[in-house]
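Below, chain A partners chain B and then partners chain C, in two separate complexes.
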Partner chain A sequence: MAVAPAAIFLLLLVYLGVTAPNLLELSTLSLILQQSIPTAIVCMGLASVVMAGGDDVVSGGIDLSIPATAVLAAAIIADQLVNHGSGLAVALMLGMGAALLMGVLNAVLVVTIGMTPLLATLASSVAAVGITKVVTSSRRINVDHPLIVFLRDAQFHGISVAVLLTAMLALIFYVALHRTRWGMHLQAVGGSRDAAEVSGISPKRLMAHSFLIAAVAGALASVFLLARGSGSTPGSEENLLLEMVLATFLGAAFSPRRVVTLWGAVLGAVLVSLLSVGFKSIGVDVFWTGCIKGALILLVVASAAYSNKQRR
Partner chain B sequence: MTYNSTIQPRSGQKHRPAKRLIRSACVAMISAAAFVVPVVNAADLTLEGKKIGVAVVGTQHFWDREAFNGALDMVKELGGEPVPVDGGRDNQVHADNHDILLSNKVDAVISILGDGAVEPKFEALKNAGIPVFTVDHLSPHGVNNTTSDNYYMGTTIGRYMADAMGGKGKVAVFNAFEGALRICGIRTGLWKYVLQDYPDIEIIQPELAEEFANAPEDARKKTLDLLNQYPPGELDAIHVGCWDQPAIGIVQALEEAGRTDVLVTALDGGPDTLEIMAEENSPFVANVAQQPRLIGQTAAMNAARHFAGESLLPQTFVDVKPVNGPDGAKAVYEELGYGTL
Partner chain C sequence: MSDSESVKARMIGPHGLLVRYGFVILIAAFFVFFSLYTSSFLNSENLMNIVEGSAILLILALAMTLIVTMGGIDLSVGIALDFGAAFAIVAMKDYGVAWYFAVLIALVGGSLIGLLNAFLVVKLSVSPFMATLGTFFIGSSVQRIFTNGGGPISFRRVDQSYRDLAVGDVYGIPSEVIIAAVVLLLYFIVLERSIIGKRMHAIGLQQSAAAIAGIKVKHYLFFGFIVASATCAIGGVIGSANLRMFTPLAGYSYLLDAIAAVFIGAAIHPLGRPNVPGTLIGVLFLGMVANGLNLMGLDFNTKDALSGIILVLTLALAVMQKRLR
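Right, the complex of A and B next:
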């Protein structure tokens, strides 16, 4: 059961590789990486929360609000740049500040008040979507700020600068989560809250940290969202949420111990993007793609729940 | 007269070969004299051996689906191989789909609707030597844009609404896309232009903004809120600036609240909304119907004309049908081949 998602996914990849011959060309692979960027960044945030909160799908760590937070920050930045004539620094400060506030809200709801992360972040996600609509009046805002255009188009030796920046970001997240004392503590809390507490680590503090890190990921993703869409588009959080959950838990299915890891989540994001591009290349209807992604989410989450049960 | 008037739906029309030939020849001569460009007879157009990407923002709504299918069918009829991609009513997905067409190395792209997010994608296609033919999206990177006569749509719906209101009263407008899509800027802008001559008609501020996906349900909720805010006698009409899917929800809300005295006007006129307009005492009183299937077909034919070496005008306009009142709705429903009401 635990290897089922990975096996099915590999089969899908082989099938796509055979039926969509251009999928493995360099230009398509670079397209796949580029389209995976916002998902990969929000996945880094979700991976931190799952690592700190434990990977029990119901009671463990989860943050469903990261995509909505990213879209909110993007909307505020776009609104400031275009409608209020703010400079880039002010716009970024306000947008990313709002994202961080969402992180604080999640931390308070979960750690201080003791709500289930699933419900708390679902609620904050709905709130973020609502604020986005107020800020943008549900309207699209075109952004052509040089920095946003640079992030969209710039290349370094033939490789997209945005892809390189995302790779660097993943490296920073990796070092922080997997190679520092603080990261080890965070993972210890996720592994066993009681054991961590006994050894003098404060689970509450680290869980609060993880929600803040998720918000930082959302804030960073917002800039790449603006670049990808040449502006802010209300409603773009839905697809991002679906891909984030699928990618993060799919990544776990590929990791040696079947747990959520940083690299697993990033790999998951790339694979999900590959799947989307592959299905479209062979002409699969967009609604079927949605069905298949939904079924895959069920499969990876069910498999994670099952292997959790086995472990106990 | 330009060659544009030779564009006809290939299927479902009566064939009068001799007359058609003479007319085509005349048009060809006139166009050739006027523009000094080769004009290819519609019957000689071909997309044989060409892979044509057809990107549409969504297929949930009649308009989008018809334009999409019209383009796909015409590409096939002209011997080309269509590569369809559907954005699922998500403008970002729609824009990203153009990257996939680029990596699939299609020979041309027909792109239906889309907001500013598609512009850099069009530019990339153009730079790769792939011509882009847009539908309802005027772009500096496209070869040609096929669209309805949006100017006529905007002014006509303005006049019809003003007449239905008796030249006075308060109107609320759903206007999410005036700034985002040029076609909506034209339609809503000209509606407002007409209203300048009706000083007794007041547009309620702030304007409302409908959602792009799930528009009918979203508009239903927003209309119920609006009705609470403006009790009977304080609201006379609701207009949708650029399309008519929200009007379905607006009419629903008016019926739920028992406020069918409030008039509704909108644009697009697919069978779903014409049916609502044709109902007895329907509050939905005026519309301008488009021919989305013909628009999609025309875009595909324009691609073939381009490959035949013809130089296209920046825009091809397809006729629209004004719809005034329930009888008008019934007549247009029949005229556009949707059946009988």
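Right, the complex of A and C next:
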């Protein structure tokens, strides 16, 4: 039963591969990878938070504000570059600074004040969406800055530079979370807060770290969002949120212990993007895609809950 | 441990006072600010506007109170509202159903959302958060599919009796206020004054202990989700009666306010529990802030940003207060 979501996913992929033959061509696969970049990066952030907070969605760690943070940072960068004539350095500093402030806000709300992460990050994401509206007046901003175009189009030996950069980022996250003492402490806190505290680890500090890391992920995702959309599009956080939650928890279904891991989250992001592109190429209405993704989320969490029940 | 003493020490002194009564002070501060800053805030007509404008939010927040009391959360309240509105409008427009049957059909439409939640939470043991998030995504998508991308379905020639559910009045009291008050009273009786409510609180405090004590936890959760969603559909009836149309995804804007109202209410409760009177205060507070920001004549986007920031600060303050108890 625990393998059900993975199995259904594979079946879907096989179906898409058969009905849309050009889906598995190299050029399409490269497009899929490029499309998945913003989702993959916000997933890395969410994976860190879930690892530090435990995977209970209500009382454990979750950060629903990463997509809104990324969209806010993208809006500020686009607004600075296009409407204020700022240099790239200033624009990036302002955008990413705002993203980091969101991380600090989340850390303070959860760690210092003691709000549940779910409520805190839901509220802060509403604030971020509101500020995004003020920055952009709810309008789209086209960006043709060389850096954004470079991230969109540049290739290195036939592979997109953006994909390579994301792979490097994933490697850095992997080493930090799974191969360092700090990463082990972070996971220990997520496993059992009390046990971690008794063994001399400060759960509060590590949880605060995880929210800051999530904000960094949001900040980095913003430039790739700009590259993917050739500009900032208000309202794009909703789909990013859906894909982030789906990919991260789907990734857990692929891990041997059914826990959220970094590679699982990244793999989940790629698979979700593969599905989106696949559905589009066989002519499925974009509104149905949302419905199918929602059903997949439920399938994944239901089978996880079911296998949990079996184990007890 | 001297934990309780240190808490007591913190409660005394100006800092403690601020934290303990912080929320009351906050309400008063906003009230005074709006009264002074805008000339039209403090008069009986506008205060009635606030009450009237809060009716739908109150209905959704009460549904949320029911679920949070049992230790869950319902992210699909807005979807249940939308379904209620859609079912009623479509029933009257395309099938010529009488208005009172349309109201019943709206309740059924909302209950479908609750049924899906209940099935996922009770039968499949999915956590309420993930279950209702999934329902939210599917429900949003279904509305987009049904309306070809989110265009409203309007029905201008709607029965006047249906319309009066929102815009009518009884002895000068707007009918949406009366409907909300009736729902409020029913929720108050069930949640705060009946054995059903006691059991629901027990489930929320410790589900396993409640089960050992002989409470049919699954039973309560199952029907709780359905009742909550049906309640939200009443909000959808009022909304669609007011505009004479079904606006897809309109319910989403109430979601966070409903959650916020419940948590504000819990924060001002002596034991920090979600409760019906507290939810009412939370709703009226949010309604007052929305109304005041409107009267200040801010541009739409600025208003959105400000209310988001006020929401974060209010929730932070509410939780800080709750922790000191």
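Throughout what follows, the second predicted complex is superposed on the first by the 301 of 312 C-alpha atoms of A that agree within 3 Å, B and C clash if a C-alpha of one lies under 4 Å from a C-alpha of the other, contacts with A are read in each partner's own complex, and residues count from 1 in each chain.
The rule is short, and it goes like this: a contact is a pair of C-beta atoms (placed from the backbone, for glycine too) under 8 Å apart; a residue touches a chain by one contact, two chains touch by 3 or more.
All figures in this text were calculated on a predicted structure; none of them were measured in a lab.
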Which superposed partner A:Arg228 touches (first chain B, second chain C, both, neither): first
First (chain B), second (chain C), both or neither touched by A:Leu105: second
Chain B versus chain C as contact partner of A:Phe287, first or second or both or neither: both
Contacts of A:Glu25 with chain B and chain C, given as first, second, both or neither: first
When both partners are placed on the shared chain, which of chain B and chain C touches more of chain A: C
First (chain B), second (chain C), both or neither touched by A:Ser236: first
Contacts of A:Ser137 with chain B and chain C, given as first, second, both or neither: both
First (chain B), second (chain C), both or neither touched by A:Glu197: neither
Partner chain in contact with A:Arg152 - chain B first, chain C second, else both or neither: first
Intersection of the chain A residues that touch chain B with those that touch chain C: 137-138, 285, 287, 290
Contact set on chain B toward chain A in their complex: 59, 83-88, 90-93, 95-97, 99-100, 102-105, 115-117, 119-120, 176-177, 179-180, 206, 209-213
Contacting residues of chain A [partner chain B, same complex]: 22, 25, 27-28, 31, 34-35, 137-140, 142, 152-153, 228-231, 233-236, 238-239, 277, 280-281, 283, 285-287, 290
Chain A contact footprint on chain C (complex, rising order): 73, 120, 124-131, 133-138, 140-142, 144-145, 149, 256, 259-260, 263, 300-302, 304-309, 311-312, 315-316, 319-320, 323
Of all residues in chain A, those that touch chain C in their complex: 56-58, 105, 109, 113-115, 118-120, 122-124, 126-131, 133-134, 137-138, 242, 245, 249, 285, 287-288, 290-291, 293-295, 297-298, 301-302, 305-306, 308-309
